[in-house]
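These notes open a run of structures that come right after.
One chain, chain A, appears in both complexes that follow, with chain B as partner in the first and chain C in the second.
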Partner chain A sequence: MENSQKIPSRSFAQRWHIKPILGTVIMVILLVFSSQMADVNVGMFFANLSQFTDLLVRMSNPTWSYLSIIWQPLYETIQMAILGTTIGTIFAVPFSLLAASNLVHNGIIRNVIRIILDLVRTLPDLLLAAIFVAIFGIGSTAGVVTLAIFSFGMISKLFYEVIETIDMGPIEALESVGARKLTVIWYAVIPQILNQFISYFLYTLEINVRASTVLGYIGAGGIGVFLQRSLNEFNYGATAVIILATLIIVLVIDGISNHLRRILL
Partner chain B sequence: MAEEPIILFEHVNKTYKNGTIGLKDINLSIPKGQFLVVVGLSGAGKSTLLRTINRMHGITDGKLYVDGDEISQYKGKALRTLRRQIGMIFQNFNLVNRSSVQKNVLSGRVGYYPAWKSILGLFSKSDRDKAVRSLRRVNMLEKLYARADELSGGQQQRVAIARTLMQDPKIILADEPIASLDPKTTKTVMDTLKSLNQEDEMTVIVNLHSVSLAREYADRIIGLRAGEVVYDQMIENVKEADLNQIYQTEEDS
Partner chain C sequence: MTLDSANQLKKVWQRWQWILWMIVIAIIYIWAIGGIKFSGLQDSAGSVSKSILSGLVSPEWSYVYDGSGEDLISLIFQTLAIAFLGTFISAIISVPFAFWAARSIKERFFLRSGSGKVVLTLIRTFPEIVLAIMFIKAVGPGSYAGVLAVSIHSIGMLGKLFSEAIENMDRGAEEAINSVGGNAAQVFMLATLPIITPEFVSYTLYRFEIAVRSAAILGMVGAGGIGTPMIFAIQTRNWPRVGIILLGIIIMVLVIDTISEQMRKRLV
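Take a look at the complex of A and B:
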């Protein structure tokens, strides 16, 4: 038998790599255009570098005694992050189950849930924090609520995307033995996603530890409050200690969480 | 009068939502204790036929009786009670890979428990013993605490059969149970199904692609083509040529 198979010829676009080139050009145009719109002056960044070095010099003399004062707020920052992430996750689990297209076949429920989640995710966390500081007053309650809502939005989306990739076979098997919906989820869904869930929880926790230092800056409790105070008082020695201590804490937590996630996946 | 059939299809039609015809005017009476093999080309409707029996798929019209009850409108509790007396075995085993063999086997019993008890894993002593007996039956007891994904395909299918045994099923539906197995494990699995049929008097319905296996194990063979039953013979009347006919495509004939 004659073999008439040939290598197919590439189209014009494929041969000249039109798509990647076009994409790069559009990216560059958008970048230039948007920086002009937003009045970003790159030159100013370099012109003011001297001020930055000036600040560094003044911070180069950390007031180490300040450590004993910030110990407590640092601890509070971590607690805020853990509490906020946990509360957000607890709410995220049922929402992510309801938003997963392979578990909920009712398109209306699924879309309503997804719209709610999309809306939650569009709220900037600083705006949330400002609102909750106004409601609850300065302190960690505002921070925890902000982080909980932020984590809820983020984790729900990460979770339902994981759920949508699971193997449907075990679900079919559990349905075929006459299991109820909840039992099916417990036996056939949870074991498939648990590790990824924990990994995403830790990842969000990492982000929240970082975020909660910033949130404190606008009054939502934790180390940020002290950071803001020290800057206002031009107490740069204290600022340096706060920044260094925060950096170390964030690095340690990132390290632990990364290690755990590597073990899990 | 002949004994009442355990499964009875009367003018059953099934059209999928997208308009594909799954089953066309199926009339089929399956007596209790039969070993029925369903053959047919890919897409002929074998899986569809099997899945209507435990209502994993609903039917569009017609009547479908299991053990004398018309089941096509079953919902909720009635549906779950129907399903727990019908075991199902899959080509891909459908075990939960990350769970232990023991948990997988016990999951076959959850239809008999309220949700909170099965979630907390509060199985009775007798059901735990039953899991041990089921695994012993398929020669897999030594793997009780292994994770399902540590097992070979043939071992996984045996665990899946043990899970099905937990249901105390009257009927076993097996959808190409040996399609991903080697010849030796194929024999083990088919022999197990045969023994459930002969010793435990379960009615067994198996979809197969292999005509020779069908002839070796079946009491009766039916052939499907484009959703219709085109062949239906007891094993003593089955002729090789007829079976090959079922596997001929339009262009061949």
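Take a look at the complex of A and C:
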């Protein structure tokens, strides 16, 4: 009785708020060190603000005539995204089946595959593009390969996470009558996951359309080539047109893909 | 009769609609494949790939640390500093944007939240590289431009995630404070903030993981970090150096992802 009426005692760390104070101190130290390392100079930004606003003013006068030049590269950007995502998906399917813990019971194979996928996912897209431009030369082929590898890493992870959530009943039923592994996958796994696969494919396509608009900046084809050209020529009116056109394309693709995904799920 | 035939039509449609989809998909792919000019492999492709691989296998270890401040370790830390500061600034700016874009029950035509969502989408779609180039014009090339680019670009995604967290939060605590006569400031400080802070921090950590990747490539346009020596090494075909920088980036991203994932697991 007496015990339950006692005020719960607080430990030393709780009484003096050691954790939050320590957290704040570490945060402040990190912020000071990072701003030193990154040469942050708040005054300089405001001193040069006029240049920045000048740039914005020049961008707010788009040269609409440029629109006729950038149709073709805009199409090319979407084509790159579609092909890259498709190639990446084709390679991702077997890998995701091998990485799913409910289909492959051999832990070594599964973990090796997962480590490979983790490594692929660490590399930023532009970095991959820079390397593939060196291999394939300037042009959209480098962009397609970059997007294929980029979407391979992403889709395999999304796919094997879906596969791990499926209902094991149909699989066990087929296995119990002696079906082969491929038969099990075809009749028990694929029907359960097809819609989610298509949905993730479309989601990756959205991301790739965004990514492919800047790949051209380092020579991997698409609208980015013209982005870089206009920026180098200080032709900011053209830059504005390119950004607006990209924006519309991205929004349209997002809209279509969102609509299709809502139908599917 | 008409109902019957309508049903029949629906059945036929359901039975055969896949053919329509197949045709649409086929047209899209024919269009896509026709549009890409496959340049094929360059003559030098084989030798270049071979030297990239040999560079990856035998990286230039002396570049890791030489005390000049231009070595791999200092630049990796500079990259992390860009991502950290950028994400920190962006998280603070994102909070008002999130409350602007969060849909509330009281709102009638969603004018406020709708306009907020449009602004966030515009920020999200504006290419980060172009932002970096614009900031380079303002503050000169270097990592400061990278910090500014990351902090503005991240608002688009953080604001969206934050506003969704606000929309889905539990309103019980707010009502409780309200019902005992708390004013708006008290409701915000004692109910809203404590409930959503862990989610905000979790999303900020997630965004930090992405910012590390983008800080690594912003250097390609001159905005500081590891990207600058990377693009120089690729342009001068210095493959052993490309190899060591790639290794550095991979290790950096893996370490940051693991730490951040652990912290996020504890938070939520």
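Here are a few things to note about the model shown:
Methods note: the second predicted complex is superposed on the first by the 213 of 265 C-alpha atoms of A that agree within 3 Å, B and C clash if a C-alpha of one lies under 4 Å from a C-alpha of the other, contacts with A are read in each partner's own complex, and residues count from 1 in each chain.
As a working rule, a contact is a pair of C-beta atoms (placed from the backbone, for glycine too) under 8 Å apart; a residue touches a chain by one contact, two chains touch by 3 or more.
What you are looking at is a predicted structure, and each value in this text was computed from that prediction instead of being measured.
Of the two partner chains placed around the shared chain by superposition, chain B is the only one that A:Gly169 touches, whereas chain C remains out of contact. Using the contact criterion defined above for the overlaid structures, shared-chain residue A:Leu227 touches chain C, although it does not reach chain B. Touch criterion not met for A:Ala100: it reaches neither chain B nor chain C.
In the superposition on chain A, A:Leu31 makes contact with chain C only, while chain B stays out of contact range. Look at A:Trp186: by the touch rule set out above, it reaches chain B but stays clear of chain C. Touched residues of chain A, counted separately for chain B and chain C, are more numerous for C.
When the two structures are aligned on the shared chain, A:Glu76 is found in touch with chain C, with no touch to chain B.
Across the two superposed structures, the residue set of chain A contacted by chain B and also by chain C is empty. Per the touch definition, chain A reaches chain B in the complex via residues 167, 169-170, 172-180, 182-183, 186-188, 191-192, 194-195. Interface residues of chain B facing chain A in the complex, by the touch rule stated above, are 54, 56, 79-84, 86-88, 90, 92-99, 103, 107-111, 115, 118-119, 160, 163-164, 166-167.
The part of chain A that touches chain C in the complex is made up of residues 30-31, 33-35, 37-41, 44-45, 48-49, 51-52, 55-56, 75-76, 78-80, 82-83, 86, 118-119, 122-127, 130-131, 134-137, 139-141, 144, 210, 213-214, 217-218, 221, 227, 231, 239, 243, 246-247, 250-251. By the touch criterion given at the top, residues 28-29, 31-33, 35-42, 45, 48-49, 52, 77-78, 80-82, 84-85, 88, 121-122, 125-130, 133-135, 137-140, 142-144, 146-148, 213-214, 216-217, 220-221, 224, 227, 230-231, 234, 237, 242, 246, 249-250, 253-254, 257 of chain C touch chain A in their complex.
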